[in-house]
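What follows is chain A paired twice: with chain B in the first complex and chain C in the second.
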Partner chain A sequence: MKPSRIAWFFASLLVACGFVMLWQYLSDARLVSPVFLPGPDRAWAALVRGITQGELGARWLGTIERMIYGWLLASFAGIVIGAFIGSSERARAYVGPMLELIRPLPASAVVPLAISLLGLSEAMVLTVIGFGALWPMLLSTVHGFAAVEPRLYEVSRALGLPQWKVILKIALPSSMPDIVAGMRLALTVSLILTVIGEMLASREGLGSHILISARSFRSADLFAGVILLGVTGYVSAMALTLAESRLLRWRESH
Partner chain B sequence: MSGFATYDARGVVIPVGLIVLAEVAARVSGLQSDSLAAPSDVVVAGVEALLDGSMLIATYQTLGSALIGLSIGFGIGLALGVLLGMFRVLDHLLEVTIEAIRPIPSVALIPISLLVFGFGYRMEIAVVAFATLWPALILSRAAIAGVEPRLFEVARALQFGLLARIVKIVIPAALPRVFVALRLGIGISLIVGVTVEISANVIGVGHETMLAGQSLRPALMLAYLVWIGILGWGVNAAMLLAQKHLFGPAANMEARL
Partner chain C sequence: MNKAYEASNPGGPHAAVTAQTGAPVLAAKGVHITLGGRKILQDIDLTIGEGEFVCVVGASGCGKTTLLRLLAGLYQPSEGSIRYRDKEMLKPRQDVAIIFQDYGKALLPWRTARGNVALALEAIGAPRATRDARIEELLAKVGLPGEADKYPNQMSGGMQQRLQIARSLAQNPSVLLMDEPFGALDAMTRQGLQDEVLSIARSTGATSFFVTHDLEEAIYLGDRVVGLLANPGRVAITLDVKLPRPRDQLTTREDPEFLRLRRELFDFIKKAEA
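And then the complex of A and B:
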């Protein structure tokens, strides 16, 4: 990192601290009712208390676990199905329009159907996460496979490679940027659907935590949960950025 | 993107086949279910809900709060994006603040909004506004930063003031990409609106879907599900069409999301 960049970072960190102090002032001066807006001190205290003495840590883990399971499920299914559809022109012609048709459907809209099929269960939550996160995965994999340089396919045919080897050695690596982009979007979707699923099915997690806190007017606990959700979103996006730059390092040589 | 521009009859085969298969399976098995229904029953339930007006009222509620939320969120995001795009110092200074708030999933705001506003339009509008603010900010900031620097030199040579610079140079140059942001924003506003209705609120198509499911009317529930799909698809297609007609290839600079 260049020195000027570090200086800017600290300057903007100072600005952020200023905002937190403003928040503290707003709540101390009771300009906003403490029922709605706890000060950062109270939110922080609720966060620390919840993790050290309460169940907040366990709930957080529950949320992360669901998010990752659903995301892995969707990524795996999305890549396999997407590879099948994307590598065959005929499959694309048959299935593509249907995918485009379903794509704008909000994933949360299938929640009522999932509830009536599976009840308010853990399986329902995972199904919803997996289904919702499947679309970005599937579409970006199909797109990646469809955009593979056609001459690479000709080369593989000339070499007499079997179909599965073509997918594994040629199509998959060259559509990796699209796949990773899809996985990034799918992770965001997973977190959102995890929270919704937990809220509706009252599973042990941050989603139910923030909803119950809001219903019983414990705003400090509510904000503690929201902060943890923000941290989860931030860390997971960062982790994927890191993974992306490692996975796609070979592209820099171009 | 060329999904509906080039019409290919092969794309119809599978959806139609699946619907026919579902119909036949439901009729042959004499389906009596609390969660599934034959496609013909779904159509009947959907038409009934359309005719008695309940579906239209719910649609009006959903689209209304989505659009108001979008106007607020997109307005704030656009203003911030223009500001941060033009004054890089400000952009650098606010970096940590923005990056700290942005990753909060919008659904996490549902309980807060519920606490502040109670059920109804306002809580939904607030969550939609929060969700649509970020793409507007990020994309318009990128659009401004991507404006040809020589245009600013021209502006300096012509001694434009700040307002003239924004109105005469920045906005026209960034408009195609801002429209792309608007298109994405409309999609997001609808998705978030329905999500708020499914998970908490008591208005709109999302709530009606939930209600139909809870009152064990699978045909109506599936009809609403299909209707939400039609709404999402229709809005998306209309915006794509508008983008093509208004800006042509100028809007294609977008990085595909």
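And then the complex of A and C:
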């Protein structure tokens, strides 16, 4: 790591500490009733208790699992469909306007439909996650495949590469930066929709944990759930950054 | 000497091109091509013999690249035919390699030099076990030994073009089609690569077709120089270059025959532009 990056890391750590201290101060000063705002000490205690003695650990795992399944589902479908649409100008012309029409629909708009079709089931939650996360995936993959240097297709023809090898060896790696960017967006969307889906279908997860804690005025438990959500989002984004820098090493090697 | 002027008479008979050193490898017969509703090339007759080095010159936009693409099988003629060893050229062939001018776009930026050469070996289905040795050999041949692990964006323009040449050689081509391969390089790098290409053509016995803007480069490299005129593109002059080989950057360029050819070609271009 470069010295400047270490400095930034410590600076951000300092800000985080400052935030926790402010939070502690506010709750100690009782500016907000402790029924609604527990201090970080109580939230932390609830978190530890929840994991060691309660169900919190299992719920956390449930959320992570759903998020990852939905994300993988969206990524896979997005890459396959996006590759098809992106590599054919005609397909882009035909399907493009429809994509633009469906894309702005919030994922929550499909929730009633998913519920009526699949009930309050695990499949419904996964469908909603997959559907919502599909769009960023699809659009960035289409963009990536459409932007492949045409000269490379000529090189492939001159080399006599069969079509499937052209997709695998030329178009896919060339679109990788866009695909990874799409996967990053899709991951964030997946986490959000996982929580919403869990709240709606009361599946065992952080979403339902937070909802139930809020309804029963257990604010410390609620905050414990929110902290875990934050950790999940942060760690998954970090993991993706790491994977990205390995996968796209060629881009920064100037 | 076999030459023909046609500058003042675009509708007139085209220059027939006959001089060649061996059996025909590539032949264009009565080729016309229309692109985007415009006639780009008209009545092209060109035969390239085994092992011959043919250079093509002509003003920008006269159809040099289009002709190369036709010979490569990337385009199909609207009329007439392109034949490779007496077979119709209906699509690109693995033994006819293309070297593009814009090496930056023709290389895979996500693959190292090794990986870029490997692409050609993967395409021709070279046995996996032999690939590494072959890559080293090819990179050494184009003057890039020890650069196998660099990415294209870590290399200079000249190195990238060498890499593209190495990749095309991995196809074991019997024909090399080069489209202004050194157009974007500085004079020193250019001369080094000219000699490199000559020695590669000599050692592999490949038949070469070389597009350039640079008249001296065309004479220095070629056995024959073909001059095109524009609108529509057509063969207007053919010069046989009877300069001894191997050629040398100093002595060849001072040869009276070189200077005479250069004069003739310059006169032709001037007349064409007038």
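One rule holds in what follows: the second predicted complex is superposed on the first by the 238 of 254 C-alpha atoms of A that agree within 3 Å, B and C clash if a C-alpha of one lies under 4 Å from a C-alpha of the other, contacts with A are read in each partner's own complex, and residues count from 1 in each chain.
Definition applied: contacts are C-beta pairs under 8 Å (C-beta built on N, C-alpha and C of every residue); 3 or more make two chains touch, one makes a residue touch a chain.
Keep in mind it's a predicted model, so treat the numbers as computed, not measured.
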item: Chain B versus chain C, judged by how many residues of chain A each one touches; value: B
item: Chain B versus chain C as contact partner of A:108, first or second or both or neither; value: first
item: Touching partner for A:210 - first (chain B), second (chain C), both, neither; value: first
item: Contacts of A:35 with chain B and chain C, given as first, second, both or neither; value: first
item: Touched partner set for A:154, first chain B, second chain C, both or neither; value: second
item: First, second, both or neither for A:250, with chain B first and chain C second; value: second
item: Partner chain(s) touched by A:169 [first = chain B, second = chain C, both, neither]; value: second
item: Of all residues in chain A, those that touch chain C in their complex; value: 149, 151-152, 154-155, 157-161, 165, 169-170, 173-174, 176, 248, 250-251, 253-254
item: Chain B contact footprint on chain A (complex, rising order); value: 8-9, 11-13, 15-16, 19, 35-36, 90, 93-98, 100-113, 115-117, 143, 185, 188, 191-192, 195-196, 199-200, 206-207, 210-211, 213-215, 217, 219, 222-223, 225-226, 229-234, 237
item: Contact set on chain C toward chain A in their complex; value: 72, 74, 91-94, 96-98, 100, 102, 105-106, 108-112, 119-120, 122-124, 151, 153-154, 171
item: Residues of chain B defined as touching chain A within the complex; value: 3-4, 8, 10-15, 34-36, 92-97, 99-101, 103-112, 114-116, 187, 190-191, 194-195, 198-200, 206, 209-210, 212-214, 216, 218, 221-222, 225, 228-229, 232-233, 235-236, 256-257
